[in-house]
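Going in written order, the chains are labelled A, B, C and D, and every chain counts its residues from 1.
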């Protein structure tokens, strides 16, 4: 089997410089170049940006396991099975809160701008990509799937195909149930700042704490507010009284893909591929959201493919074996 | 130490006869008689109705463990430490859905009527109780705590003191988060009827399934609808489409203690004891609800006691060691 | 359905008085009397002693659950289905270490003597039993199953039938694997005495701690040594160095039913019923031990019945529905 | 911070060609080259072989997480803090059973020979190493820690320093407890071949199954037997009868580091660094083994360092931050 190679780029972002969360503005961006790249110096390739999930960054897509291949190995195998070669770019949009949802936020940084305005042109300048939306896609899982959706909705001029694996859809079902426990944890932890300090100091990050962090991260992305100490984040629950804050929650819902289709269906219709999937045992009930989104897509006549798996939310990178060839066909050079 | 005795009454209910859920109308009701009962044939005693939680029935309050005493042993010990003697009645309001919340419902039965109109007079007739509200209390944990609250709110003419341990308060936080998973489980199970058949057939009831059953039970209690097959229950989520049903959810919220204080504060003010507690690690975030209720009680000037424990929701019957003496003082014969 | 009644006897033991572990010598012994008992004053009944498992005592056999009936309800139901009536006695042989294994030990007490020499004659004197081995059986689960086996082996003159559910058999497989973790826990806990104090003080007993306590209890039963502080117990591992102590382990193995058959096969052959069962997913691998025991029984031509269930170790009291009728037939008055 | 680079070598092994387990003989071997490597073409570096644990292979040492750095990042950081630069080699000795323990076995392959006779000279030929034992070390965690120990014991002429993190030591405590569950799982799975087929087919590998596989792998390494179908492996338990096989277990014990010190203390004494550590909550009780080994090392006057952490077995790669600088000092060029 022929192997591609992975370049580890250190990208210095102007957009992220001085971001509110204090995260680094130089990011490591692995770039997978397909097997023929070096030997075909005149050839240009479609490119897919693959977005990692919550608590992830690009390099983690290359994490290896004997029983679940890393993304480069999956792409090599797809190519060996006849898939058209593509370049894969693995951005790092991690934040101190665990992620950026690939949106712009005053609390984290302008990660969407970073991707669309900085990284895409830089990659197109540095590698032999087919540098147009017809040949550029975006894919991801979980928060990365959300990112793919949101980029397809808002930046269809940049990305011509999307693949969303178990993406964050239906915020009432996937996030809201964790908000009371978030509130209780922050209270027990002595408030946001104290909780965060303790989290940062912990050698091992506990699963329960990652659930708490997740809600904080979503608030940082969906309801930032520079005037709110300590992190410039409004929360959908008053962590002192425990009272629900509907006005904040509505700001979250404006980011819910379920509420974006009717405003962006033209963009979605313009895409060469809208692929979604989910597991029917998703621990965050994301398949309920996915199905409601699919209803919307049907209602607005957006062509799409939707697959369900008898599986949960974790360890589902085998689904790239399905989506990458689809992406490749949608973005192929010949079209 | 002197021991009381437990009588196992078989109570034949007229009210529950032919109930919609097909549950038995003859119920076993353990009655704890205090140590002096037999030897003091002229003496009358205060009485406390102790309500079990979800998936429980009266007899389970007598379940023994070497490290967590049964209710009769706790009462014996309290008496040995100087607590005034009381009669304890342990009703059985279990249903095929796991519980009745001690309310009337077309989907389960008129359990509140059963308690107030049938069981109380029958106990007063059969045992030497002090047969007036001043000497009659109601206590319970979890769903039993909810029952105590609701009986105090709606039947203050019958019960003069309440103790609510980790009661179901704040439905947006304690129930709503489980609704999406409920929906997903019912879908995977092939619909309500099929899911229920499979549940009934299982030798071991799994924790996940009890979470699902809990939501079904709450719907049976809070949003029954005789016209809805197969169980006469409306659900706050459309289990086919996964769409949220706000109109049903509002019916639930009408049963939330948070929304009942302003209508019933007179009743609450008339009580000799309003005792509540909760754990600050409650897995259903019930302490958030409890605190919001306490705010309401303060706002409406209802005297109360509220305690918090550094503990979760399960295995907290040690709190009866705190509440039973308080009840006893509030209901004592001398007053 | 006709119901039997449960008498709660307070039995004052001479044998247990001043026992080394400091446990009470007055024990509560529930006695189930079958439905016809009161109305048939001349009738005598077979009797089965039902032994509870580790961390249990007799009364816990009466613990109720809506989905798993208490022992008295199971017996009522069996009688309703045609099973001959029997008296059931539920001894309390609990110790501060969690159990006695129903053997005599200088570290706990002479629980075997207590059962055989004290409790049996007392029950025969107080209730209308058929007071001979032909009509007296012993049954139990887990440590109670071990107790049944050991009493059948050593006291076949007293007990004429045994039923052993998931009994402790094959110590190399069921106990030995937990010894290293026991050692590590005691070390972390600061030694035996400190660990025990902390355990005693804990409101909630954790599952991990019960595993540790279990090994301590078994050592108290199988390798007591009055000369060893602080509890008069020798351990199969040196908790300071972590070194294995083969000589102590061999003392345990002398109590392993696997090693007792060849010495006691005459006793076993004399029994009217030797019933054993186990789950094939037993978390302590007790089915491996059970099968090895069955091999021995075959080798020594001991008639027996052995059933396997596709189940684990916990919550298997449904198996009394199988064993009680078998016991009843074996012990019936007519024979 | 200056970064090193990672080369992904594809090494074609003659030794592993045609191995009995059918595993590939071409292996991917990541090689970390320190920051100065490219710019200092005359400089030679010490080299450390880092061995992955059970179910791991070299590349997994590069797995990234935002809260636990990959090995290359750890080494970069160590260098930035003043650690002498080193080359790190990450062999792939994975097998279909999950690992090779870095020993020769007829059931898996001659992995020790592969490392010592093939990989070391090849690396020395291809990279600018300091190609002598004084400057060559071996480190690893869990099974990799075992590998480091065993290579230090048996191949001190090749490796001059070892670091063993939570290594497999004390087989009676770390492996033996899992053998009964292994047996039960194989029985339920229908025998070794059927169990293995089902395991291989599973998309997700369950934790319980990995425990089973671990015992099979250890048997493949410690008690291979070409005559035993289906895998050429003798087991320490007869999986049909459940009977323990002492003669096989003794073959395992011959591989236990506890039993090797007295034969190899000369080799151990010759090492420039013998570093061990373990967590005091190790789930396999490996700290008990480590302490017993330390006793032996003291007895045989082998200089060593031993550290304990208040931690378990998993996610402890932060300990490389301790061991790599120690290795570096021990292997430094100047000596």
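In the analysis below, a contact is a pair of C-beta atoms (placed from the backbone, for glycine too) under 8 Å apart; a residue touches a chain by one contact, two chains touch by 3 or more.
Bear in mind the structure is a predicted one, so any value in this text is a computation, not a measurement.
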Touching chain A and also chain D, the following chains: none
Pair exhibiting more inter-chain C-beta contacts, B-C or A-B: A-B
Chain centre separation in whole Å, for chain D relative to chain B (CA means): 57
Centroid distance [mean C-alpha coordinates] between chain B and chain A, Å: 45
Whole-Å separation of chain centres (CA-atom averages), chain B against chain C: 36
Chain-level touch network, classified as line, ring, star, complete or other: ring
Chains that touch, pairwise: A-B, A-D, B-C, C-D
Chain A-touching residues of chain D, taken from the complex the two chains share: 3, 10, 55-57, 59-60, 62-67, 70, 94, 98, 203-205, 311, 315, 318
Interfacial residue positions of chain A with respect to chain B in the complex: 170, 172-174, 176-178, 180-181, 183-184, 187-188, 241-244, 280-282, 285, 287-289, 291-292, 295
